[in-house]
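In the two complexes that follow, chain A is the common piece, with chain B as its partner first and chain C second.
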Partner chain A sequence: MNEIVQFMLPELGLTVLLFVLLFVRIVGKLELAGQVCQLMNIALPILALCMWFMPAPEGAQFGGMMISSKLIVTEKLLLLVGTWIISLFSSPWLRGHRHPAEFYMLMLSTLMGIFFLLSSGDFLLFFLALELSAIPLAALCNFDLEKHVSGESAMKMIFSSALSSGILLFGISLLYGATGTLSFVQIPALLDGSPLQIMAFVMIFTGFAFKLSIVPFHFWTADVYEGAPVPVTAFLSVISKGSMAFVFVSALYTVFRPLSEIWYIAITLLAVISMTVGNLFAIRQQNLKRFLAFSSIAQVGYLLIGISGSSIDGMSSVVYFVLVYVFSNLAAFAVITLVSSATSRETIDGLKGFHASNPLLAWVLALALFSLAGIPPTAGFFGKFFLLTAGAAKWNSPVLIVAALNMVVSLYYYLRVVKAMFMDSSDDTMIRLTPNVSVQFALLLCTAGILLLGFYSPAYEWIRSLSFGI
Partner chain B sequence: MENTVSILRQIPLNNYILLSTLLFCIGVIGVLSRRNAIIILMCVELMLNAVNLLLAAFSAYNSDPAGQVFVFFIMAVAAAEVAVGLAILMMVFRNTGTVDINALNKLKG
Partner chain C sequence: MTLSIFYFLSFLAILSALMVVVSKNPIHSVLYLIITFFAIAGHYVLLNAQFLAAVHVIVYAGAIMVLFLYVIMMLNLNAEVEPHKSVWLKSAATVAGGTLMVVLVGALRTSASVGSPLPADANIGLIKTLGKTLYKDFMLPFEISSILFLAAMVGAVMLGKKETK
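And then the complex of A and B:
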């Protein structure tokens, strides 16, 4: 019994928090916004510490339904810390809102779905967890109930996630027919590349491509990101996207390893298209959230190059990249949340003269954008460096050249924002923003993450040592 | 149960695959081409039910209960998905007064 409790500690911890929130919501008054935020800002790091000091034992439980390894625990921990940062910097925005407890309920149930998804060892649990991590997220997109764009983004989110899980499910059912089992452990031995299995794989791959917003399945991304409230966009683009990247990599490397010749071609092709389309569309965006949406599509393209490499390097470079991506992207979103909730400006032009009024915040945003663009010595440089090194293992030089060219293109649009902040002056100057303690802490955490991960090399070695034996 | 399985097996497996692929394609085309949000949700249901049919047929042919158990979970999840979808649709309807997805055109770039 005790063993199972320790095995499911992250999920059980989130369940307890959900019940606490429900209780607070039932007995408490509506004016509890500040307290709910504070409670969660303290409870989430405590849960993270518990996961760190009492890691789930390796192995499988519930007849192979749930699996756990050191790598999975690390991935969960990373996503939990990311959620904590979002919770820290969204508190000023939530205080002006009528339903803070609901925000946390939806966010934590999504996170719980993600945890189950990472631990799943069977397509049944995989599907349930996938839906648990998608359905509350659509409700979260509609969090600004009175805004038309918020509803529109939620509508697009639920339709695209329903379509993608339908396609994924059709693939799962074909795979079940072709192999006669749903267990991740048994499937690889039964894969021989028959037409039915190939079709099943293509369907499952398409479903994943929708969730990861790989071009040509990306059309929902920009609209959903733009319409959703900024903290929700941060959750979508960092936590949800990062978790899908983890699951995608481990599915390709474990369940579909026998079909690697097939997915290798598909992945390199999609990587090239995703990078190019994402970058070219990001150039012409004015809205900051839309701009970050297209930049995230381009980043997924780089990620695919890492996946196309051999397994250990591919796995560890993807985990490292997501680790870096969490800190850099969340720093950017934290500043955008501050600006948007104080002045409701969300365009690049709205940031003109930002450095003159808020020098420190402008530097944080600039640092985050440098890291996203991959300029050394920020951590983003090493993230991309390791991805390309992993991809280079197969000597696939044309794809690597396209990736390098794309990184040059991406510099232009990231630096365009920096130029607007530092060089352009504006007629209506920005008011001086005063972030409260929790936002300051979130910004400090992100900045430290960006800089330290850039200088502290054992981080990658440590992730690499965890990736052995997947 | 044995009787049901033998009845299911009277029809060749290929027919099940063809029928459910056809249903699935109708569902996908409906999702992509219809303009009414409620009909889109119905088409999603059609897609998921095509999967259910396929899983039940494979389960009967493989003599393995896992597929039939999966069907129940899909039904429950589909109900949850439609519930959230309809709730969001209610909010959109309050803001725009229509369920036509052509009204969802504020986000462009």
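And then the complex of A and C:
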């Protein structure tokens, strides 16, 4: 019994928080908004500390349905810290809202779905966890109840996630028909590359591609990001995407290992399209959230190059890239949340003259964008560098050349935002923003992450020691 | 005997599923869908899954179809308000769907079936066996689905509640 409690500590912790919030919401009054935020800002790091000091033992439980390893614990910890940062910087925005408890309940149940997704050991649990990580998120997209765009975003989110789940489920059922098992451990031995199995794999792959918004499957991503409230967009693009990247790489490297020659072609092709289309569309965007949406599509393209390496370096570079991406992207979203909740501006032009009124915040945003673009002193450079090195092991230079060219293109649009902040002057000057303690702390965490992760090499070494290749 | 029932039910299911898509009147589509669900429930009985068959009829043919009818009547769909789709879009969809069908048929044609289609144990579909499996082997997914429903309810209540100012 005790063993199972320690094994499921992160999930059980989130369940307890979920029920505490439920009772707070039923018993408490609406004026408790501030306390709910404070409670969560304290409870989430405590849970992270518990996970750090009492890591789940390696192995499998529930008849192999749920698995755990040091790598999975690390991934969960990273996503939990990311959620904590979102919670920290969204508290000023949330205080003005009527349903803070519901916000946290939906966010934590999504996170729980992600945790189960990461440690799922068979396709049944995998699918349930995937639904648990998608359905509450659609409700979160509609959190700005009085705005129509928010409702539109939620509808598009639920349609695209229902479609992708349907395709994925069809693929899973075909795979079950072809192999007769759902267990991740047994499937690889039974995969022999027969047409039916490849068909099943293509459908499962499509489902993943929808969730990661890889290019031919990206259609509504920008609309969803634009309509959702900024903290929810941050959760969508960082926590949700990051977790899917983790699951995708470990599924390809373990369950679909025998089909690696097939998915290698698919992945390199999609990487090239994703990078190019994401970057070219990002250039045209005026809205900051749409801009970050297309930038995240392009980043997924780079991620796929790392995955295509199919080695230990491939997996460790993906995990490291997501680690860096969490801090860089959340720093950008934290500043945008501040600007948007104070002035309701969400366009690049709205940031004109931002440096003159808020020098420190402008520097944080600039640093975050430098890291996303991959400019050397920041951690983002090393993230992309490792991804390309992992991909280079396969000697497919055309893909790497396209990736390098795309990075040059991406510099242009990231620096366009920096130019608007530092060099352009605007007629209506921005008011001076005063972030409260929790937002300051979130910004400090992100900045430290961006700067230190690049210089602190043991971080990458440690991730590499936990990873595995084909 | 079982084989001929299987073929009859499959024919019925596919025919009515086609009618769901083809028929112009949305109400007729829903009624054909009910026939499809009954045919699939028949398949469950053939596989010794009696309880699943009963639940399938109650939940899908009963509850969900009533919901469908309700929504369709609320939306008041008819041919005039239907958005007109261009010929290009229609032909592109036909080509894409047809290609997918060819690929699927090709993939299924060459594949050998795994194991016997009929379960060895005739009591496998009884509630008693099902309950034991559900609470023993599949307890974790069962509990996760309860959390999923809780989260979905919280979301629905939050979105649906009337704002008091």
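The rule is simple: the second predicted complex is superposed on the first by the 467 of 470 C-alpha atoms of A that agree within 3 Å, B and C clash if a C-alpha of one lies under 4 Å from a C-alpha of the other, contacts with A are read in each partner's own complex, and residues count from 1 in each chain.
By our rule, contacts are C-beta pairs under 8 Å (C-beta built on N, C-alpha and C of every residue); 3 or more make two chains touch, one makes a residue touch a chain.
A quick note: this is a predicted structure, and the numbers were derived from the prediction, not measured.
Chemist: Can A:Asn287 be said to touch chain B (first), chain C (second), both, or neither?
Modeler: first
Chemist: Look at A:Leu106 in the shared chain and tell me whether it touches chain B only, chain C only, both, or neither; answer first, second, both or neither.
Modeler: A:Leu106 sits against chain C, while chain B stays out of touch.
Chemist: Pick one for A:His148: touches chain B only (first), chain C only (second), both, or neither.
Modeler: In the superposed model, A:His148 contacts chain B only, not chain C.
Chemist: Name the contact category of A:Phe159: first (chain B only), second (chain C only), both, or neither.
Modeler: first
Chemist: Which partner chains sit in contact with A:Ser173 here, chain B, chain C, both or neither? Use first/second/both/neither.
Modeler: first
Chemist: Examine A:Pro258 and indicate which partner it touches, taking first as chain B and second as chain C; both and neither are also allowed.
Modeler: In the superposition, A:Pro258 contacts neither chain B nor chain C.
Chemist: Name the contact category of A:Pro45: first (chain B only), second (chain C only), both, or neither.
Modeler: Neither partner.
Chemist: For A:Ala139 in the superposed arrangement: first (chain B), second (chain C), both or neither?
Modeler: Both partners.
Chemist: For A:Met66, using the defined touch cut-off, is the partner it touches chain B, chain C, both, or neither? Pick first, second, both or neither.
Modeler: Touch status of A:Met66: second partner only.
Chemist: Would you please give the residues of chain A that touch chain B in one complex and also touch chain C in the other complex?
Modeler: 124, 128, 131, 135-136, 138-139, 142, 145, 177, 180
Chemist: Which residues, counting only chain C, touch chain A once they are in their complex?
Modeler: Result: residues 103-104, 106-108, 110-111, 114-115, 137-141, 144-145, 147-148, 150-152, 154-159, 163 of chain C touch chain A.
Chemist: If we count contacts the way the header does, which residues on chain A are in touch with chain B in the complex?
Modeler: Against chain B, the touching part of chain A is residues 123-124, 127-128, 131, 135-136, 138-139, 142, 145-149, 151-156, 158-159, 162-163, 166-167, 169-170, 172-174, 176-177, 180-182, 222-223, 226-227, 284-287, 290.
Chemist: Mind pulling up the chain B residues that touch chain A in the complex?
Modeler: Spelled out, the residues of chain B in touch with chain A are 13, 17, 24, 27-28, 31, 37, 40-41, 44, 47-48, 50-51, 54-55, 57-59, 61-62, 64, 66-67, 69-70, 73-74, 77, 80-81, 84-85, 87-89, 91-92, 95-96, 101, 104, 106-109.
Chemist: Where on chain A is chain C touching in the complex?
Modeler: Counting only chain A, the residues touching chain C are 15, 18, 22, 62-63, 65-66, 98-99, 102, 105-106, 109-110, 112-113, 116, 124-125, 128-129, 131-132, 135-136, 138-140, 142, 145, 177-180, 194-196, 198-199.
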